[in-house]
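Shared between the two complexes below is subunit A, which has subunit B as its partner in the first and subunit C in the second.
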Partner chain A sequence: MTRMSADLVVIGGGVTGAGVARDAAMRGFRTILVERADIAQGTSGRFHGLLHSGARYVVADPRSAMECAEESAILRRIQAEAIEDTGGYFVQFAGDDPDYADRWVESARAIGLPFEEIDVAELLRREPRVNPSAQRAMHVADGSVDGWRLAWGAVDSAKAYGAKVLSYLEVCGIEVTDGQASAVRCRDRRTDAEVVIDTGFVINAAGPWAGRIAALAGCGEVEVVPGRGVMLAVGHRLVHSTVNRLAVPGDGDLIVPAHTVSIIGTTDVRADDPDQLWIPRVEVQQMLDAGERLVPGFRQARIVHAWAGARPLVKDARASGTDTRHLSRGMVILDHASRDGVRGLLTVIGGKLTTYRLMAKGLVDLMCEQLGDPRPCTTDTEPVPGSESGHTHQVSQRLRDRENDRLTEQLLCECELVTRRMFTDALHENPDASLDDLRRQLRLGMGSCQGGFCSTRAAAVACAEGERSAAEASDALRLFLSNRWLGLWPILQGDQLRQAVLDNWIISGTLDAEHLPVASSGSRR
Partner chain B sequence: MKRIVVIGGGLAGLVAATKLAGGGSSVTLVSEGLGGLQLSQGTIDVYGYNPGRVRAPMAAVAGAPAVHPYARIGTSAVRDGVAFLQDALGTGWLVGDPEVNLQLPTALGVLRPTALVPPSMAAGQAQAGQRWAIVGFRQLKDFGAELVAGNLARAELSRGGRIEARPIVLDLPPRSGESDASGLVYARAFDDPAFRERVVAALRPLLDGETAVGFPAVLGLTDPEAWTALRDALGVPVFEIPLPPPGIPGMRLGRRLTAVAKQRGVRFLAGSRAIGHEADGLRLTGVVVGTAATPRRLRADDVVYAPGGFESGAITVDSRWGIRERLFGLPLAGLDDIDRLITDEYWDDPQSVFSVGVGVDAAMRPVRSDGSVVYENLFAIGGILAGACRWREKSGEGIALGSAMAACRAIEAG
Partner chain C sequence: MDDLLGLVGHAEARASLDHCLKCTICETQCPVAAVTPLFPGPKYVGPQAERFRADGSVDHSVDYCSGCGTCTLSCPQGVKIAELNSQARAAMKADHMTVRDRIITQTIAMGKLMTPVAPLANAALRVRPLRVAVEATLGIHRDAPMPKATSQTFMAWFRKRPVPSAPAPRGPVVFFHGCAGGYFEVETSKMTVEVLEHLGYRVVVPEQGCCGLAQQSNGLFEQATAAVLALCDRLRSAGSDLPIISSSGSCTGMLKHEAREIMGVSSEALRDVGLRIRDTMEFLRELHEANALDTSFRRQDTTVVYHAPCQLKGQAMGLPAIDVLSLIPGVTIVESEVACCGMAGTYGLKKEKHAVAQAVGEPLFTLIRDAAPELVLCDTETCRWQIREATGLPVEHPISLVHRAYGLSATRARRADPGAPSGA
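And now, the complex of A and B:
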């Protein structure tokens, strides 16, 4: 057993948890973040990639709209590297309620949200694939954000301020001593080792899993219902900017250009278990129809992947315990001192990725208040490591980099322009990472071939670098391919099915990978 | 003289065209692309897994289930097809025996069953007690010698025992200053004696009495002596291990077969997509080809259809999961609810969709589910046939050759 101690233990390595860890570490608290899987492997990495300008909430929730506007501007300063400044359009199409557009304009003006109405002809000049039935178009400051980069930026910053960030550590108990949270017991999912962290404060940011965590401290009836959202990625950029329907927000009404792909999202269906998120074909069809309305011909585009994320929705039996004074909208904080008589434990559920920094600030402010130890928040002024230049991400960035190193570097993944050096650097830095963990950092295997060519190269390089035995590399390859398949089988059709057949030819036909010796004992990656 | 149009430039189409032209027919081969051999590992797989490892492929062909194309093709057509191919290619192109499977290493280090191989692969037949060096090149990313050797070393041979294998990685670009070279670039370099000498000079001091040396299958594209020259200079048996595409051994076969077909009078209409057909009742009378300038009508007494399956786009799946044969709108066999055709399980069972294709009679004529023939003079062969998951089974070339022979027999008898 390993024993550690901290002022604060943050449970959950999504953006919220990462943001809390960063905020607390910057205020000088000794902080440890524990995450059951990889950083941002859950909800924070399974969304559509929209950095909200606030325009989406202008009519229904003007305060949220302004929070988004302010926070997205802050993130462009402090986490530029995670953001592509695409801009966006809100477009009223034929059949959409014209009154809604009027209400939207009125409300946007009232709260001072920046926007510019442009001619439909100008919209179609800038975005030629958008449905020409467009009636009105508003240009807004939407962006595209990489949830993994966002979370990793906060994690790297937290680490720079002394925080420990421990992934693949599953919380299996929260000790409460005399009504005060006093320790968090964890199990290392790779080694099975037990880790106990003595602490004075715990912030539960486990998202859809938060109810289970709260129950470990004896705080019952925190019911979190996962709202499943299905998203599809098209293998190229259909639009240069985000395109939203200027209508009451609904399913599948936006397309976000993200890195080399375009993402349409999303459905919203209640699920039973955040670990068992299905991608029903009926929802795939629903998204294809939705895409067709925004960009005619969408059904003929190449859908390369699908995924489902779980929005945490709270059904708290004791809503009186909710305290939202400090907080961003759309989120709930449970103060377990007043709610359950457990001091030093806060649970946060919900909220928006765009306002994660503000949520983190609110949580740490509340912790400071409860500890009687006020310390100011400084997360809004200092860029995270990697974003110091203030330059936002550009989709052409990797192409430019490869132009420069094309004579010296080998490309492992042609689709996403991942070099051998990028892969080996990430591997040496994260020697325990799975190929999927590295994928989330590098985008390896996320392009058109979905790993058909690059996965075996990556496994071979991991072996060549001495980081994996042949058995471990083979197991890693098998796991990577079956994980890729989870987001492929529900959407396979058209060119992507053709690709899957070619991949089958390579992986099964030529390489006979299904007859690799399996499950070597002692392999943990 | 019969006018025959063959659609498709892969193994099945090339073999059928060569056979029919050799029999005196006037044959035009229409191909949209370069044909599947460009992507192929260059082995002749007859039956590798069914689903257990197959030792005697022809016995497995004889026992193939009723839905399998082999049940219609039959063993004699497969044997004839293999024999015809060996004969057409000439000596020195393929070794092995359709009755017995070899076990040869893949570029992941798996021992893969196959029936006939280019002689350059033959020394890779795994036998207990062998000591192999597996040679990779730092600049060739599709062949990780460490992974191949590591997996070979931990493989338990089907007849017991093990192989010793160790990796050697040469830092030797095929062209000076090239850090990321494809197998094709290496293959061209190996055609050059000077490059081979550099390889030998770098490798010889590193060898330590191994019984054989395995290389990625890039030992020459056009020079059939490239690998023997390397073997002789190293003084040790050498074998090639196929890579993911581009498939150099497949390309060699494709080039050779194309040359033979041309010698026998096959006319090639390359870069041309078949876009339509003309029929008179139950008989096709012609094929419409989208050549560069204008659609062109080719008259045909018989049409051999060898376009491949989903991988080539001959069978398509639309965004509502409607599955269709592109050119003739042929009825498809093996269709089912999409939830049963494509499932979430990656490794256990092959995806049933890969087995969807055209059902045929014993003459390889596409048939409807009631067994009635679609066109009396249309013959479907190769990867478009229903009932086999070719890559999982390692049966693609056997099906291509056997179905080509069965179709040729019917055409020549008719």
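And now, the complex of A and C:
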């Protein structure tokens, strides 16, 4: 057993937890973050990639809209590397209620949200693939954000301020001594080793899993409803700005250009278990139809991957049935001192990725208040490591980089232009990372061929670099491909079906990957 | 987004990148990637790089694509690879078009300038210090093959020659000579007209201009589009529904598919001309397939090397020259089976590309030198200049062997020199 101590233990390595860890560490608290899987492997990495300008909420929730506008501007300053300044359009199409557009304009003006109405002809010149039935178009400051880069930026910043960030550590108990949270017991999912962290404060940021964590401290009845959202990625950018329907927010009314792909999202159906998020074919079809309305020909484009994320929403008596959209989208903080008589434990649920920094600030402010130790928040002024230049990401960045090193660097992932050096640097820095963990940092295997060509190269390089035995590399390959497969089988059609067949010929036919030796230790990475 | 990337042709080519399965067949067929690491290869600069392109151009290595189109032809999935590359190059060069690339696309101006002073111009092009100076100032390589000017343009010949007295039972066809066929490769144009007339056609030659291909391949889409549309109007003015015949293999490709697929030109005039235009050898093969080709060829005991140019293969019509030449008794045809001679229009003229172009063409040159044929045949003009320069052998359009086998060359020789023996 390993024993550690901290002023604060943050449970959950999504963007909220990472933000809390950063905020607390910057205020000088000794902070440890524990995550049962990889950073941002859950909800924070399973969304459509939209950095909200606030435009989506101007009619229904002006306060949320203003928060998004302010926070997205802050994130552009402090986490530029994770953000692409794509801009966006809210477009009223034929058949959409014209009154809504008028109300939208009125509300946007009332709260001072920056927008510019442009001619439909100009919209179609800038975005030729958008449905020409467009009636009105508003240009807004939407962006595209990489949830993994966002969380990792906060993690790297937290570490720079002395925080420890421990992934693959699953919380299996929260000790409460005399009505005060006093320690967090964890199990290392790779080694089965037990880790106990003595602490004076715990912030539960486990998202859809927050109810389970609260129960470990004896705080029952925290009911979190996972709202399952299905999203699809198209193999290239159909649009270079976000395109939203200028209508009452609904399913699949949004396309986001995220890195090299475009993402359509999302559905919203109540799920029972955030660990069991199915991707029903009917929802895939629903998204294809939705895409077709925004971009004619969408169904002919190549869908490369599907995924489902779980929105963590607190059950509210006002909502009923399976429609979770009407639940509150704001964040809820449960103070377990007043609620359950457990001091030093806060649970946070809900909120938006765009406003994660503000949520983290609110939580740490509350902790300071309860500790009677007010310290000011400084997270809005200082860029995280890697974003010091203030230059936002551009989709062409990697092509530019490869133009400079193409004569000396070997490409591992051709679709996403990942070099051998990028891979080995990341691997040496995180020697225990699975190929899937490295994927989230590098985009390895996230392009058109979905790892068909790069996965074997990556596994072989891990072996050649001495980080994996041959059998461990084979295990890593199989695990990676089986994870990719989860997002492939629901969308197998057209070009991606052809790709899957070719990949299968290579992986199973030529390499016979299923029958390569298995590592005796039962590798989990 | 840049206007250029908003063009229709780009939207179509970009959508086609979805079909890429990374199979790498294009990379194995690319003649440029095979000889230089400076070009990252068609899969890389095509469907892969395109996913990263938005505003502005960051990958100047795409300019090493010669535009030969072998990748598009060999892609089993239908990715418009060469088209994507041409479009990316146009976007890349939009801000910094060189004087050289503007000049070498002015094919008519070059012809008009050189024809009246042909001997002088030809001599000047052989003056070493002058070529060195041209290379230094303009970037046209000192050893790059140059067209040979003739003292009489095709149009002047066509107007001044005696009106054909033979009947034309098969009616009119339109002849499109192209810039090179008008000013430099004039013999090819003359022979084409004489063969068509021999077959019973009345050849109509409307006033015409440039198809814009050189401008297109150098990224000057606006000018190229204007040129090709003007040309279409002129060709159509000669009569509707008439076949249009051309011995300029690359210009034919421009009208058939490149203007539409690369530049997104979508006019009815282009569609009409594109459907009616035939490469000369393609036209003869169609006649033969309809049992309408005079096959009373005179025996020609000769071995020729035939090189099908890349821009002809891109028209996806097989190798009509081989089909037609095979009808001539005694002819042994050695097909080069080489993707490209390296010239690819104007690519091989450029100082920074010349060595690459020579390396691309080397397998072809070696094959020709080893075969040591009496004659090399190739359907496009700049390829003929390239092969002539590299091998020192006579290189002609396939129509010249047809012309000879119909006895038309002998007829012409007799006309020029009544004392000469017949049947040469």
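By our rule, the second predicted complex is superposed on the first by the 508 of 525 C-alpha atoms of A that agree within 3 Å, B and C clash if a C-alpha of one lies under 4 Å from a C-alpha of the other, contacts with A are read in each partner's own complex, and residues count from 1 in each chain.
Keep this in mind: contacts are C-beta pairs under 8 Å (C-beta built on N, C-alpha and C of every residue); 3 or more make two chains touch, one makes a residue touch a chain.
All of these numbers come straight from a predicted model, not from anything done at the bench.
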{"item": "Subunit B versus subunit C as contact partner of A:R398, first or second or both or neither", "value": "second"}
{"item": "Partner chain(s) touched by A:A473 [first = subunit B, second = subunit C, both, neither]", "value": "first"}
{"item": "First (subunit B), second (subunit C), both or neither touched by A:F453", "value": "both"}
{"item": "Partner, of subunit C and subunit B, that touches more residues belonging to subunit A", "value": "B"}
{"item": "Contacts of A:I74 with subunit B and subunit C, given as first, second, both or neither", "value": "neither"}
{"item": "Subunit B versus subunit C as contact partner of A:L371, first or second or both or neither", "value": "neither"}
{"item": "Touching partner for A:L166 - first (subunit B), second (subunit C), both, neither", "value": "neither"}
{"item": "First, second, both or neither for A:R498, with subunit B first and subunit C second", "value": "both"}
{"item": "Contacts of A:Q300 with subunit B and subunit C, given as first, second, both or neither", "value": "both"}
{"item": "Which superposed partner A:V120 touches (first subunit B, second subunit C, both, neither)", "value": "neither"}
{"item": "Common ground on subunit A, meaning residues reached by subunit C in one complex and by subunit B in the other", "value": "300, 406-407, 453, 498, 502"}
{"item": "Partner subunit A, residues of subunit C touching it in the complex", "value": "1, 3, 6, 11, 14-15, 17-23, 37, 40, 43-44, 47-56, 58-61, 77"}
{"item": "Sites on subunit A touched by subunit C in the complex", "value": "125-129, 235-237, 240, 260-261, 297, 300-302, 394-400, 402-403, 406-407, 414-415, 417, 447-449, 452-453, 495, 498-499, 502"}
{"item": "Subunit A partner contacts - residues on subunit B that touch it in the complex", "value": "39, 41, 49, 106-112, 139, 141-147, 149-151, 153-156, 169, 177-180, 242-245, 247, 309-311, 313, 316-321, 338-339, 342-344, 346-347, 350-351, 353-354, 390-392, 394, 396"}
{"item": "List of subunit A residues in touch with subunit B within their complex", "value": "281, 285, 288, 299-300, 303, 406-412, 420, 453, 456-457, 459-461, 463-464, 469-471, 473-474, 477-478, 481-482, 485-486, 489, 492-494, 497-498, 501-502, 504-506, 508-517, 520"}
